[in-house]
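Each structure below appears as structure tokens.
There are two complexes below, and they share chain A, which is joined by chain B in the first and by chain C in the second.
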Partner chain A sequence: MSGRRKTAVLTEKTMEALIRLCGVSAVVFVFGIFFFVFREGYDLLPRLDYREFFTSIEWYPTSQNRVRYGILALLAGTFSVTVLAMLLAVPFGLGAAIYVSEFCPPKRRETLKVIIELLAAIPSVVWGFIGLTVMNPLIIYLFRVPIGLNVLNGGIILALMSVPIIVSIAEDALKAVPDTYREAALALGATRWQTVYRVLLPAARNGLLAAVLLGVGRAIGETMAVLMATGHAVHIPTSVFDSVRTLTATVAAEMGEAPVHSDHYKVLFVIGILLFTLTFLVNLIADLTVRGIRNK
Partner chain B sequence: MISPAHTNISREIPAADAALPQGAARFTETPFSRKKMRSESAAEYVFLAMTLLLVAPLLLILGYLLYQAWPILSLDFLLTNPKRGMRAGGIWSPLLGTFYLVFLSLVIATPIGVLAAVYLNEYARNNWFTRLIQLAVVNLSGVPSIVHALFGLGAFVLFAGIGRSILAASLTLAIMTLPVIIAGTKEALSSVPQSFREACWNVGATRWQTIRAVVLPNAVSGILTGIILQVSRAAGETAPILFTGAVFFKAISEGDLLAYGLFDQCMALSMHLFTISTQVPDVPHALPYGTAIVLLGAVLCINAVSILLRIVLRSRKKW
Partner chain C sequence: MAEEPANPSAPAVVFCGFSVWFGEKQALQDIQLSACRGQRLALIGAAGSGKSTLLRSLNRSNDMIPGYRYQGSILLDDRDIHDPRIDVAALRRRVGLVGTPAAVLPGSIFDNVALALKMAGEQSKQRIFEKVQNGLMKVQIWDRVKDRLQESAAGLTTSMILQLSLARTLVLEPEVLLLDEPGAGLDHQVVTMLEDLLEDLKETHTILMATNDLKQAARASDRTAFFQCGSLVECGPTRLLFTRPQSEMTCNFITERF
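After this line comes the complex of A and B, so read on.
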């Protein structure tokens, strides 16, 4: 073997190894995230009173008398904001996806897609700022409630944040339905609305479900926007005008003050494990449903 | 891809004779067909209204923020440190901090992301392991940003002993934005025709030589799009840097581009916006709006560049 050949083989081998290494990096990082978040929190796991953790609404991590870690109210906060956001985002997101994919002239379609993409690019802290400075006074004025930082505010902001994901994935799903389906429906005399309603929606069902699930995942995990827009009341909301606090907002707000390796610090990591697991499951289900269509 | 048949459906129906209703138009109009027509146009307008309701907020919000921030926007605002407990001055220190974080996370994430995409597109076989990697990429982008923050705190700040610093924060940001680069690069690579690779193999090139000489150069603008999106994502993130390197306040020498060191803590625009709008009382009205508009403007401009690049790229495609 000549020297040049040898270097070529060596480069080939090194690069392939490097590429393979980077290829598995994503897996390593996901495991790494779980491992390190678990590592900081696991001490507390055997000592944690799980009944209190999941069923108590008393979150007093720094109480002098008796520290209580009940996350029920935080779960309710996350749940209420996410549900409201999805109630708003799913119909609008799917409606927009249907319009963009089926009704829209091609030129306008490009413009709308660009705008929706830009909507997705707005940083969450800016959304939070909008919640604080635009939505807050607006809600106070419109509904005559004392405070505008509440479930409604957070829900609307989160809806606007998760809509771009829902639109783009749902549009992909609709586009993936073969045109022969549309042509067959047209040949039978169906209008476009009938085609959408009777043919495309059933055919793209899995993809649309995945779009909704990814929207849910985004809404559960969102931090800064809900931290700024939902107020800071740890209690179970009874109306959309109640302030709440979500799991994510709690971690963001309290991690700065919790002394490293204290129980308070560890319980925040336990919440992190919970959030990781929740979003992991949501994403996994979304991925499996999408894969379901591909296999068909 | 917009297939021709699909486009025709959207275009031709409204172009049919305007006096005639659509669908069953050329036959006698019946109550049934009238009803069908009504529901058709109702559906179109409802969906259009839904779309506009999503698009309108973006423009309204932009306009409102710009209007509120207008009095304060000037070059001076960008180039002076925050002063008097953040109640005066500009945003120089956070602006430079964000620049450092974005640049460093870009340097870390780009090679890993591009090579990971090369692996997925050029090397990986269609088996369970590749599925696992794809699942991991999806999940990496789905993990909440606050969990990334906890990971950064646990892994880089404490375990690796880097401490709260620009480096730790950039590493966290890099891992968080990795999926953006992987997705963009993968799409760019898969749009390079297989025949290009085969031609290169036929003249005796190895796999890596083919990738370096043919595949990557042909995909470079697509890869660039992914990288630009990574920049915009990294610039806007707040939660991951909260506990890993961003600091409440730090004055640096104005106009000095090398004011931060790798192991210093820094201010960041996104965190600065959070602080002055929620933590500091009596901030002058225009200050947070000015910060928001600079952050938002930067992110939207970066995105616009990426979109423009994609459009130019598509129109120039040779194959």
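After this line comes the complex of A and C, so read on.
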């Protein structure tokens, strides 16, 4: 009897410890990633010419005469593709979420949700392939431009990749709004659109904001698809038909060729630190905004 | 089913052989009932007897429920509310429903009431403010909330939420007022306020109130209808129904619980 109780207590303790470990591991992994990225790049940090790093568009990491690490064009590339992707994905994603959650007949809803989740499961290299073989000739044909691998192509591909994330999280947020809100609004003589616009969107705004920001996170962090779809040219774009190169694509494309522990290798890790900081800032701003809304 | 006593004033709301199903389950069975302006009609009956369904049918709040089906008709001022040409949103503004539990909408106390007006198309900020103030005064919470109109409504007590949602309905100036179990779990004072208010409003409004509280029905209604298992058993002047019920079922129900 006491032996069995001992086992029960032991099981309880073990399970508790395991579950705690799982919870703590998330924090450990984040710090771990930051630590290793930082360790590879920190050597270069004091020696780096920051003015050149942030303001020069000259990215010549393997030049024979003078290596130059200017990432302004890469930042502009990431920024332009992300902004275009969000301009396309946010209205489409939120619109689709509102349709699926509020206007769609239940049977069609299930079908649509399965399809949207399927869209989220497509590997990014497949998206890149679509950018390369479908979007590229299409853009050349439609807009009569010499090359279809550009900001527009990358933006559309990234938008297509972010939409499923935005839709499924935004839909969850809308579904989480209690039905009493809908009934109260409708009983007051609200039309369906008024119910959505005046009651559901304000009630779900935290979740919707989270959906949008996760979409932004996906767009900033995506590598493979933009590497294939944006043309990979170090260049500050002046129109959506210019080819660009993003920070992530640069790291992915050059990491394999940079000699380990060379300055080139290290500067790629510095870019990693920068990306890490960027996503951290996006999350921080999101968090503060959400808190601000809550306290209001 | 008891015969309706002839009423001198024309009925504003008439249910003609009205039945409701949710999927396979029948919730209301061939209801013949009318309600007039100047009278408060109380609906009594056990839980699940169809009182709420009847109220919700009247402003077509059941339309959203999957599997909802109806037969027969409901006339509001001689017009069928299921007429496809009728504007459902406008109908719901004419037929105000205050449900339980009363819901708060997102946003401030002021927004909760103002939203109803904005959705009805009112644009003048001055008029919105006046109407909101007026509505909150009617339900007697103006003095308690006037200094915190911009605070979130989520922190109010159950009683105040009911008052707020009543104000929200009243600012739209409905002709018919539907109350689903008002008074459940509320302060005594608020219930008294509510019943006094209904007394005042009955001259100009048609009032239907579903209640589980038989004392409330006896106190605050002119006519009472007793429902059982989705059927209307008996309907008559409140005093008569409570003192000399015609049906044995009504008698059992009110003597056991009254």
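Assume the second predicted complex is superposed on the first by the 258 of 296 C-alpha atoms of A that agree within 3 Å, B and C clash if a C-alpha of one lies under 4 Å from a C-alpha of the other, contacts with A are read in each partner's own complex, and residues count from 1 in each chain.
In the analysis below, a contact is a pair of C-beta atoms (placed from the backbone, for glycine too) under 8 Å apart; a residue touches a chain by one contact, two chains touch by 3 or more.
These figures come from a predicted structure and were not determined experimentally.
In the superposition on chain A, contact of A:186 is made with both chain B and chain C. In the superposed model, A:169 makes contact with neither chain B nor chain C. With both structures placed on the common chain, the touch criterion links A:22 to chain B but leaves chain C unconnected.
Between chain B and chain C, the partner in contact with more residues of chain A is B. When both complexes are overlaid on chain A, the residue A:134 reaches chain B alone and has no touch with chain C.
Once the two complexes are laid over each other on the shared chain, residue contacts for A:106 go to chain B and to chain C alike. Of the two partner chains, neither chain B nor chain C is touched by A:226.
Of the two partner chains placed by superposition, A:209 touches none, neither chain B nor chain C.
Shared-chain residue A:199: touches chain C; no touch with chain B. Look at A:123: by the touch rule set out above, it reaches chain B but stays clear of chain C. In the superposition on the C-alpha atoms of chain A, the part of chain A touched by chain B in one complex and by chain C in the other spans residues 106, 182-183, 186, 189-191, 194. Residues of chain B that touch chain A in their complex: 1-3, 5-7, 9-11, 13, 22-24, 36-37, 39-40, 42-44, 46-48, 50-51, 53-55, 57-58, 61, 64-65, 68, 111-113, 115-116, 118-120, 122-124, 132-133, 135-140, 142-151, 153-155, 158-159, 175, 178-179, 182, 206-209, 232-233, 235-239, 242-243, 270-271, 273-274, 277-278, 288-289, 292, 295-296, 299-300, 303-304, 307. Residues 106, 178, 180-191, 194, 198-199, 202-203 of chain A are the ones that touch chain C when the two sit in their complex.
Every residue of chain A that touches chain B in the complex is listed here, in rising order: 8, 11-12, 15-16, 18-27, 29-30, 32-33, 36-37, 39-40, 91-93, 95-96, 98-100, 102-106, 112, 114-119, 121-126, 128-130, 132-134, 160, 163, 167, 175, 179, 182-183, 186, 189-194, 196, 214, 217-218, 220-224, 228, 248, 251-252, 255-256, 260, 268-269, 272, 275-276, 279-280, 282-284, 286-287.
Across the interface of their complex, chain A is touched by residues 59, 61, 64, 66, 89-93, 96-97, 99, 101-103, 105-107, 115-116, 118-120, 165, 168-169, 172 of chain C.
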